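First chain written, first letter: the chains are A, B, C and D, and each begins at residue 1.
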């Protein structure tokens, strides 16, 4: 129904020195947001913009010898998440073009929900597209508005008036670096100060890794220009209701990142505590599904007073389920990457804590492995409410058919996965754990109500974007 | 002064079957026109256009396993010549975009002389560019005119009204294949019939290799649409004077190709015959500089009655001088690729025949090697007049400074290269050998008079393009 | 002082079907034992032995398309650990040769301490070497004894009489598969039954992953031949004192493996419990250094009643410190792979639990990061006694200079790493945790007393190998 | 019936400076002798022997950046010819081992006819083999004799007493460089002086390319040690009849090389002259099959007075037929690499001259192409007598079944290939052209009589090797 999804990671840096090493480091820190490709652009001393990008992890896509050839005091970067239709190498970002107002590069995290409409509009106007990425669309729209306003900020605001959906963007125009967050703040973006420079980046953990200082989140609808010695905020179109994606805290972001003033680890631990309250269980041990369920399980253990144990050995030489592109590869990977630890499991009644259940296939396999290893009872507790609706904002959960919880009772799902009991955190509990008003969160995938217009779906907030900016 | 040069090879094929093998074969046949990169597009059964392109020779750029994944009954292809600023992988062709009127791919041989003007014009209009290739420019201009005319032929004619310089283009619009030749016919392009299909391609030799039948050359200013069962010619803007590049016969094309009704081998042999008449020499043997000088030398031998000998061993594991990107690599390569055959050379007076002299550095080295091997006299005969002016139409000869004959007498050049005598064919002789009126040839690089407007250069023909088409 | 070190992983499988997929799976499961190269041999239906081996992780070294070309009902495999002098590709294992008694392949985990003597001996006898690996030496010695005994078992026993040091070997002679463990049992090796087949492998976790059944450990000095339907044990030279490497439980092996009848996770948890008893601390939380310190920390938390917390975010896109080849790369990697979680750390007094301290450089960096993140007190507890002496049996700890604990008091080391206190488990505590007599363990690196003759070092056991076998 | 065939190229260089660039250059000059793999060894300043070797052409197998890391004043090199069973990468040469008398590397051109016997002998003695190449066998035999004699020259002489068949070897023992030629001189090897150094190499053309001076051929049975300032010849076992392979002059070697005092180009031209005398034809033109038939055709043209023409365009982007590994690839390649030049061919009666006919398949295809292009008569003249018997000395012509001339009359072959007439040079004519006594040539493949013992074949010379050396 829409253009391709991009739950990815973005960064932009301006400093008094060559930013290539900092871009590389940052992309490795936010690598969990996308492992399919990586790329950077920098503005070199000859007044030209150079690009290096490729398939695979940062260390493969951006080999050190090639990086060593790049140099520039400002640049942006991107890591891309694998989605079904994104294998095409031409979709590797940043997307870079030459325009009348300079070289322009764009890195995009999120999903433009009216991509098809906008593509059609610009195609009709005689534009052509070399990719099917939001990044290219952004350059086209930006170019059009630049030719009218001849001012980047004005052009970006006009552009934001056309874009719908989620976007955290870093944009480089010659040597100028901008960060933009959509009017609902669906995807994260924050600002930091680093040594003689500034950074806009998807997650705050990257600022830590650069020994920098976190300044603040980019506000919804805000445009930030970062320079080496300061940054300039510009107010763009914002909605009166924010809609931060709850899944960033539940699963997507690094535990050590602070997203919209809430530390991810802290939220997860609180989720575990609330889960223990909402869905208690009489068991011997609490076990996480590593790695993403650990903080939730620790919270559950502390709140319940039941000992925390690591009952699964995770093979770090296999990728995490959620990140793999298709169902077949997902199943193949399970037995290679998880093995129960017998001494922990044997004869025990246990809660296993996972961050979320989408298809349930991995979980079913894991429970069967636990039983084979001698587990007496296996109770599943889940750190997010049942996922019943698609995400249109950049998380690769598309069709209702794939959600095991869609149209099934708790009991039915519990039987399918083979657990002794199954408990999810409630929406209220999740909201409490995040500690933000429900009206400031995007809960689309668990409520079916979306912050923005999605054809065929329910819209939560009918009010318009703020037009006075 | 201009956009990048493309003396390359192009092809377009439509048939009732998968054309990928035929495209691959064709590109290998016209590989001599460009070894830096290769690419093809095809329109697949799902109604999408697929592309495969990469750096290097066809066998590297288009590996068999990847080709096997492509399928379509129509497609175009391109091989690219290395020029100084063309190393960038993004310039690999065909250039493919999505437009309002379908997927469009363009392969270009030649050089758009008003590239900078047109780029500036379209940038000002809000367009952005991802490459600096003529192919992308063509798509932009075509898109604009398509949005006005909504008819490919009309749009192509309007486009040709904007383009200056040389171009042999193959264009694919979804499953339709077009071939276009510039109003002067500067670069070659011809039509052939193959089994249940038709082809437009730079050189006729490719039609032979496909066991096809040569039909005719594309006329200057003509647009050809090829279908599997017929082809449709459309008259576009043409100049009353053709201007076929004389260098295609002298050096660039394969000897077995027929370009504008003149077989290349035949022209070269006649050049040799006329050279023997214009610049005779009292010698023992006639020797070619292999491989490109062979036909000229055979002609010289036959006309003079002096025996033909192969006095140089050419190492086929080194590239030909002219094709290498920079001066340093050129010099390095000489001693690796040519070695005199002592029995032939020792104690002999000889004519060595070369197709042309540009810098003269290779020739100087070769003559010195001949003398070291015992040659008694070395007389140089050249199959083209002295190159004294740049080519603006796609042959990589750019600055007057590099031409050894520029501003020097025949005697001076002869001394520089260390020959006993030096004789070039005259312009008249060359025209006679090609057997076309001088007014139908581009002799810009040997006369300094160009068929089209070139800032700072003399224009031969002041008349306008034919406007009635 | 010796030949190259090989702390690696080995496997041998015989079954009624193609064992290539099982070999691949096994190598991925024991990948943590070596990531520098991987290889397998199989005996194909044409009566020949095929080999596939390469640099890098299993998925890179043994690409699926290449594996698909291999087929055989018996085979061995190897993953190699990077050591300083092992970069050479020729050292990739298995080492395969043709001999008078068939094709022979050898995979070796461990280190032959008299490698130099044996190499010299065989060189003097007119043998030549293509690598400097123990595997090749093994083939040479085996070949010599085969030409005398013409019986593999007898030849292997004679070979074991020459070899000193540690070795877990898998050997393939045409279609026969053998596993051998050195007379002290220094390196692990166990036997399992899989579907219609048998396996010898470094760690039991691999048997689980193949849905097989663990049978038993290979005894010190034992030679096992595995067939598809049974296995045959042969008694070789053994020492009356075993000397199982304590580091396999402390750090090297997977937590879900059972080594010499002790589950690794269980031992580690007990180490944590004993540490809590031997070196208690008045703190708010117990934190592991992930991933290897988790089980120790959980044990400490349970025994002390102090809550367990995950205070470090580990970036799974960086390798673990210990596994990286040189000091420079080690330091570079620290900041990329660990970041403190502020909410957990800030204002807290904490114990951090690590499995061992070798150089102390990573730990120092981590403590400094914790303090920067607001930690009030940082107490270090270590799951192994101070490492003060080299390992000569295959763990890459070579010179005393590199051990921070060598010649320094506890206080001095504590100051160097910047901790508030530092406590190691005692040797007695470690022995208690492993729950084996001290006389059955190799404690060389913490005691300086070695089970076998090492020039310049103290030998624990003076008795000879059992000669009657 | 024997070990693998090696018609390859070898080189050894000793100088006062780093010989790596000279080795690379030499291998590119003798690249025509083998394109499947390339490798070099050098003895570096640290007293170790380094090796670099890989698959493919020199420029791929020995990439410049890797070569730049190698340095040494002495080294050897090898290019390998693709034979059916040689795809295995382990057979890439030089073969390098560590022995009791130093690091040893061996590069081999030729074929050890008693390979199987010797392999069995050494396997029985307890040796093991990692490859199935003559090079490794040579190291084993050399090692054995070194352990007896402790003198390289004596050991090499003893080794030559064991080896049968053809071999031109370059051997490096630490920093010493040796060249050895078999007792019959079957494969070429010559000595040259270069700047502050000496070289032994397969073909003299390489000495020219290094601006060196040809000294002389290595004599049959001779061992040459080259040093930077001189070379030392040692007399080894020689046969009183030389047996130089006639195919080196006819086809294999470069035309500019001088092999055993006969320049290749010169011999080929004389072959053409004698062919014109032995098998005249009443035609309009003489055409070569390029590239290898050119010199023969020029000779024919001069002797007959009939004009020489180049009637085939050869696509230099395809490999020569003979060099491709299997029949299928051979056929595929024909149409891609040869195209008749119509103006030359149409309506003409012609002789086409080829160096040799083995299978005849390519020739048949070419004649059919000529007829399609309008040739009136096509007469085939061949520069070697009919090939009717296998080569056991390193040319990849193995089974009698593949030879079109085997068991067929001239008329039958002529019909098969579709020629108007077919004429071969006679054995006597070939001997005359080479200008050496028939008793000094190996004519095995055209006479069926071999210089050395070959089980099942006729032996020409019964006399023994000279034993007094």
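By definition in this document, contacts are C-beta pairs under 8 Å (C-beta built on N, C-alpha and C of every residue); 3 or more make two chains touch, one makes a residue touch a chain.
In this text, all values refer to a predicted model and were calculated from it rather than measured experimentally.
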Using C-alpha centroids, which chain lies at the maximum separation from subunit D? A
With chain centres taken as the means of their Cα atoms, state the distance from subunit A to subunit B in Å. 50
Determine the centre-to-centre distance between subunit B and subunit C, using the mean Cα coordinates as centres, and give it in whole Å. 63
Could you put a whole-Å number on the gap between the CA centroids of subunit A and subunit C? 38
Junction residues of subunit D - those touching two or more other chains: none
Full set of chain pairs in contact is A-B, A-C, B-D, C-D
Subunit D to subunit B touching residues, read off their complex: 25, 28-29, 31-32, 57-58, 205, 208-209, 211, 254-256, 258, 263, 265-266, 269, 291, 294-295, 298, 301-302, 307-310, 313, 315-318, 335-336, 339-344
Subunit B contacts subunit A in the complex at 95-100, 104, 123-130, 132, 139-140, 143-144, 146-147
